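Once you scroll down, you'll see the structures, which are given as structure tokens.
Look for chain A in each of the two complexes below; its partner is chain B in the first and chain C in the second.
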Partner chain A sequence: MRPILMKGHERPLTFLKYNREGDLLFSCAKDHTPTVWFADNGERLGTYRGHNGAVWCCDVSRDSMRLITGSADQTVKLWNVQTGAQLYSFNFDSPARAVDFSVGDKLAVITTDPFMGLPSTIQVKRIAKDPSEQTGDSVLTITGPQGRINRAVWGPLNKTIISGGEDAVLRIWDSETGQLLKESNNETGHQKTITSLSKSADGSHFLSGSLDKSAKLWDIRTLTLIKTYVTERPVNAVAISPLLDHVVIGGGQDASHVTTTDRRAGKFEAKFFHKILQEEIGGVKGHFGPINALAFNPDGRSFSSGGEDGYVRLHHFDPEYFNIKM
Partner chain B sequence: MAVDMARAPQSKLRWGELDEDDGEDLDFLLPPKIVEGPDENGVKRVIEYRFNEDGNKVKVTTTTRVRKLARARLSRRAIERRSWAKFGDAAHEDTGSRLTMVSTEEIILERPRAPGSQAEEVKVAGDPLAAMGKAGAVLMVCRACGKKGDHWTSKCPYKDLAPQVDAFIDKPPTETTASSGATKGGAYVPPSLRAGAERSGTEMRRRNDENSVRVTNLSEDTREPDLLELFRAFGPVSRVYVAVDQKTGMSRGFGFVNFVNKEDAERAINKLNGYGYDNLILRVEWATPRPN
Partner chain C sequence: MAEVVSMADIEATALRLGIDISSVDLDAIQIPPGEDFGIKSDDDEDLYQEDGFEMEAGFGNIIVVDNLPVVPPEKFEKLENVVRKIYSQIGVIKDGGLWMPVNPETQKTLGYCFIEYNTPQEAELAREKTNGYKLDKSHIFSVNLFDDFEKYMKVPDEWTPAEIKPYIPGENLQQWLTDEKARDQFVIRATTFTEVFWNDPRQMMPDLVYRRQYWTEAFVQWSPLGTYLATVHRQGAAVWGGATTFNRLMRYAHPQVKLIDFSPGEKYLITYSSHEPSNPRDTHRVVLNIFDVRTGKVMRDFKGNADEFTTGGSGGVSGVSWPVFRWGGGKEDKYFARIGKNVISVYETETFTLIDKKSLKVENVVDFSWSPTDPILALFVPELGGGNQPARVSLVQIPGKEELRQKNLFSVSDCKMYWQSNGEYLAVKVDRYTKTKKSTYTGFELFRIKERDIPIEVLELDNKNDKIVAFAWEPKGHRFAVIHGDNPRPDISFYSMRTAHNTGRVSKLATLKSKQANALYWSPAGRFILLAGLKGFNGQLEFYNVDELETMATGEHFMATDIEWDPTGRYVATSVTSVHEMENGFHIWSFNGKLLYRIPKDHFYQFLWRPRPPSFLTAEKEEEISKNLKKYSKKYELEDQDVSLLLSEQERKRRNMLLDEWDAWIQNCKRLHEEESELRRQLRDGEASDEEEEYEAKEVEVEEILDVKEEVVPFDLDQME
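Coming up: the complex of A and B.
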């Protein structure tokens, strides 16, 4: 395939998200400006100006009208996707790390980093349909996990929130009461910081990636470990294919290998695994730096990866991809 | 094709009356252009015939492959979004901006292979030209100096600076260990401390350079193999070098031979100085001021 290279960001990428219909791709980077691209040819549509810090995460509403972004400048902002206008800004006492719209886009879960003595929190905010009625109160605030919470997503029917972070423990919280429902344990769970979470298309299972060089597939209701995928590199980003039984894992490079490996340019790869057989299908090379973000197009026919090198690489699969036999 | 434009309605041409250099008007002698439409791989072939400068009939086959990068199955809402105005930093952008480009390299989903099979070699050989001048696609690796991107091994300008694996002397086979021995659980081991690393390697090379013999008054087409053949009679040779003019490809008339043993070098100097080789009298002496 001929990937399309998009160099709109001057700093490393942090997150990528497709809209529901798969025609827009939102990219967040450390350079303060989330950008939206057309997902078929990579043409840039616009940028959202307003943040003063690295943008860690974003999510787009189902109708592709609202974008929510979480940034290190201690704000989470709501944007009009079409015009780039900022609709509302939630203020926090510490950098915001992860954001996710609920099903129905009426609520959003936001995680904040531990900062200056404050613990990390998971907060739920109500999102009003009319931006002028938007208020900043939290419906729910959860504290408890030690260390940074790198990612939080809504569970099925918005009943639960799943979070994972630096303490390597995946937790399921009740979204109404804030009570901790389930936790991953030490033997089956990750051993190091969980960097990313990705839900399946139907929301019944999800994938977690960790710096312990593995990614694990879990049932979203019971938090039972289903599969484990082992790589040689710390995992920074994971994604599940909505079309085939594939998962893709992207990562960095172990610090001890930096001086001894032949640093041929373009060697960082996104590894494809068979979701059920746990076997490696192959790798797609090309990034000049560790891969920090991965996303599949909802139609499963293309995927994009964002790297430390500031590039977003958009790949449309060749016909052979759909015929891969294991 | 300009030739087509030049044709006015012609009266009946008699080939005997045509000038020699009017070959271009003889298009009617050429078979017609054939267009083989895009087949299932999107390959289109156009076969044209024309006359080249010498007046010969040439067949020109142009093969193009049209690839669709994406299937445009957009919903109605998505089509509306396609016509949104650009905003933010993209507002003043024209379509010529180079933020988005298609990779010149073909990237494949590389299937994992059993260890020991060559996966990379094939890919590198296939696209050497695309690597030139392209910032990221560095595929030219020089084995001599390890530098990447601007030259192949045979053209290495740093040939004499880099450690070479010479075929002339038998270096102990353990020199090329990659990850042997002291990898205590994957800890980093610097190359000089690895098993088989030649600690005295640099000393050896320095001594070797004191066994360096300069040969002058070489003929134009003398090359390294010639010198090697001439000097190996005196003992094992670690290195030969002939200075070659890059532009003309001819020897610049001098070269160097490094012996492993100094005594061999001395004997070579005594025997070959003044020796007639390829119509010229060789001058053979120590390269550095006489090492004593």
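Coming up: the complex of A and C.
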């Protein structure tokens, strides 16, 4: 089917997130205003106004009531999904990069960038049921990794936190004590900045994308490398299909390195790979710049991509997609 | 390796001799070169040898001038000034680098002196230029390199017969030709690695033969018959080969070698280097060596200023047009020639001297080229005297130097010569001025070399104002292709030198209109041609059959920079080398345009097919084979089928294994997931677990009252009626 082009952002997209039911799609961009869309027809439902900088990441609670957004304006904000009202603002001393709700939505993990001599951090905040009781105290603060931490997500049963960033190392931390439990090694790990992490639907494995032109599938409990998917371009975004054994990988030559006039040169394609056989299935073209964000609808029947070009493209799969034989 | 002397031994010895070892600066001790007092260096033996050229530099820049006058002290200064004047013209003499020893008894000079230059090149030049210099009647200089003295001193006084080494059979250097699957090899260079592969189209991938890091310091090059792979290093060039792997077969010492060139029969190797002059006003110094490939012996060397080697070519100030020497006379490697000012110097390889001891005099000659098979030179002399003397193309037979054919051409701006690979035809592309002299147009002069009196035919394109983008002869054939036209999408025309009804005349076969192509690549077996659009056309490819005059396939290798057919004409390699930052790597296609496999490689520099020597089959035998092709091909088709069956079977097994592996793993995960389900429920305050089935979509209607307004509606009684 023809993709639905959603033009609501004025700057490059940074992140996409579906709610649990798959009827809403949240998008973040460098233009300060996270936006919510109907995931079926791409109609714009509303915006969340209040940030004063690029918004890097967001997450939505299981009951689709709360939205959390992390921004370069050094705040992380909680929103009422329905009304768009700001419920709380966590203030930091440096730009916030990644946010993720825990199972049960009682905790959120937030990463902050290294800034003005401050090191990058991973912080855990308690999320109050009643927004009026919300406080800004951190339950846990982890420092250590060099450079930006581009993504941090919760491990099984909220017991661990998995992080990846500019130092190209994946790390698993104990979410109670902040102790480093495991880290990826040079041999199997990524060679360059890790740009994205995406968990499988059941949370048993996750996919990491890196500027070293590869994406890798890991066991979330043991951090053993399971699969590697090699592409021709730096990877900015990854997603795992909840329905089929497919993964989708997006990226493209860094905008500043694209010198040719031909847009094919950048390879701004979302590439589908067979998750188990590691073979390329196909590609979805369309963006006029690198793909920065990818997300699967929880029903696995559609996916959306967000690009440096400011567009969100919503793709409903054709029936043939479900009959692909490998 | 000699015995190792430990520090303890040294201390013991020092104590015995009464030396306080702590007061000795070990670094200050210099051992004379060549003398090791029985203590072998622990450096790598090989490394030591490779550095040999560098080692000599210690004394390589000193010369000894003999046969100077013997003078008393009062004339010493005068003589020194004379010598200094002569030798400082050639290069910069080091501070205190001129030393004239004096006999301590008579206070007279000894009749010789030492001069030290900054570089060995200057010393070498000084020896060359002043050996035999006549200072006066009785004093003729005899100049030698200091290093040579040692060499001459070592010559034993008594002659001993040369030791005859027993014959050791060498390995078969052409083993690769006996590959059972008749595959071809290629070499690639990417990052710091150089790798040789088999092209294995059945397996749809290359098969590694040999890989080596830092194999070469600049580039690699196959010899024309594929026997050797040449590498280039700081100290010289080397060739590699062997039956099963790549061993170093020979080294050719030539410091700072820049370019190399094999003779067509790969008997000789020419190496070239250019050296910065010590005086910036001077031109670069050029050194060329001709080696015998098998023995490694220098057959002849040429040294001189860059100017002497650039005449006629388009080389710049510091470069020459390569190759300087062009080989003629086919695979026999009999002649080589170079162009000079008003001359063409032709040498023969029996004695490595000029034929008839003199060069061929041709006023104002600017270009020449050899027939690929016969000892015939084609040369081009441009217009002179503002058009009073016409331009000329002539064919000259070597070694007799008689002119076979000559053609005068008028209002010519430039000429280019293209030989057909069998030397049967020569096409000369002639750019002529229009009457106004403001623009040029192009025509072709076609020579039939093998026919009596060498008839010449003039060919003009249908639209003679068309610019010629590319021209190429069909290898071993009678056809040629031309890309012509001014618009962005040029036309391509095919011509034949002989057609069924018109054997003596050139005729057009077809013209393809507005193609995205700017380069022509004929299959080495003829018949097929790849029309390629490189650079601005982003790598458009069209595989064309000239027998049937039809397109077999079109393709694209985005950004392709280089295209090369394998020597058999079965496969084509297209590659993107590091001139582009992105897309580096190569693709292998079948002759009819089917993409077989793609290999991406970052920092990709070179792709070269290993050439094959010409076939030993006679033309009749080849004809017979192609007649009975069906019979032969059956065997290979069966093999192909077997391989593809085997492959698909292997592939199926591999996939099943992967799927099973994954299944086992994911089952385990599911189990863990279920075990944790109760814990998850707790984390969610008892809310139903995450299983999809447990929640169902309910349609809930929500009515929201946005606003309540009371309005008085006018009630018109008239309406009632």
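In this section, the second predicted complex is superposed on the first by the 316 of 326 C-alpha atoms of A that agree within 3 Å, B and C clash if a C-alpha of one lies under 4 Å from a C-alpha of the other, contacts with A are read in each partner's own complex, and residues count from 1 in each chain.
Convention: a contact is a pair of C-beta atoms (placed from the backbone, for glycine too) under 8 Å apart; a residue touches a chain by one contact, two chains touch by 3 or more.
Predicted, not measured: the structure shown is a model, and the values here were computed from it.
Student: Taking chain A as the common reference, can chain B and chain C both be placed on it without clashing, or not? Answer clash or fit.
Tutor: clash
Student: Report for A:Q179: first if it touches chain B alone, second if chain C alone, otherwise both or neither.
Tutor: Neither: A:Q179 stays clear of chain B and chain C.
Student: Could you tell me if A:F288 is touching chain B, chain C, both of them or neither one (first, second, both, neither)?
Tutor: After superposing on A, A:F288 lies in contact with chain B but is clear of chain C.
Student: Look at A:V103 in the shared chain and tell me whether it touches chain B only, chain C only, both, or neither; answer first, second, both or neither.
Tutor: The second partner, chain C, only.
Student: Output check: A:G42 vs chain B and chain C. Expected answer is one of first, second, both, neither. What do you get?
Tutor: first
Student: Examine A:R221 and indicate which partner it touches, taking first as chain B and second as chain C; both and neither are also allowed.
Tutor: Second partner only, chain C.
Student: Is A:E232 touching the first partner chain B, the second partner chain C, both, or neither of them?
Tutor: In the superposed model, A:E232 contacts chain C only, not chain B.
Student: Could you tell me if A:N158 is touching chain B, chain C, both of them or neither one (first, second, both, neither)?
Tutor: In the superposition, A:N158 contacts chain C only.
Student: More chain A residues touched by chain B or by chain C?
Tutor: B
Student: Now for A:L24: first (chain B), second (chain C), both, or neither, which partner does it touch?
Tutor: First partner only, chain B.
Student: Return first, second, both or neither, reflecting whether A:Q253 touches chain B, chain C, both chains, or no partner chain.
Tutor: So A:Q253 only meets chain C here.
Student: Identify the overlap between the chain B-contacting and the chain C-contacting residues of chain A.
Tutor: In chain A, positions 21, 259-260, 264-265 sit in both the chain B and chain C interfaces.
Student: Can you tell me which positions in chain A touch chain B when the two form their complex?
Tutor: Within the complex, chain A contacts chain B at residues 1-8, 21-24, 33, 35, 37-38, 40-49, 63-64, 82-84, 256, 259-260, 264-266, 269, 272, 280-286, 288, 299, 301-302, 313, 315-316, 318, 321, 324.
Student: Under the stated contact criterion, what part of chain A meets chain C in this complex?
Tutor: Touching chain C: residues 21, 62, 102-104, 106, 156-158, 202-205, 219, 221, 226, 232, 245, 253, 257, 259-260, 262, 264-265, 275-277, 326 of chain A.
Student: Taking the complex as given, what residues does chain B use to touch chain A?
Tutor: 67, 69-75, 77-78, 81-82, 84, 86-91, 93, 99-103, 105-112, 136-138, 141, 148, 186-188
Student: Using the touch definition from the top, list the residues of chain C that touch chain A in their complex.
Tutor: 538, 558-559, 581-583, 600, 655, 658-659, 662, 665-666, 669-670, 672-673, 676, 679-680, 683-685, 687, 697
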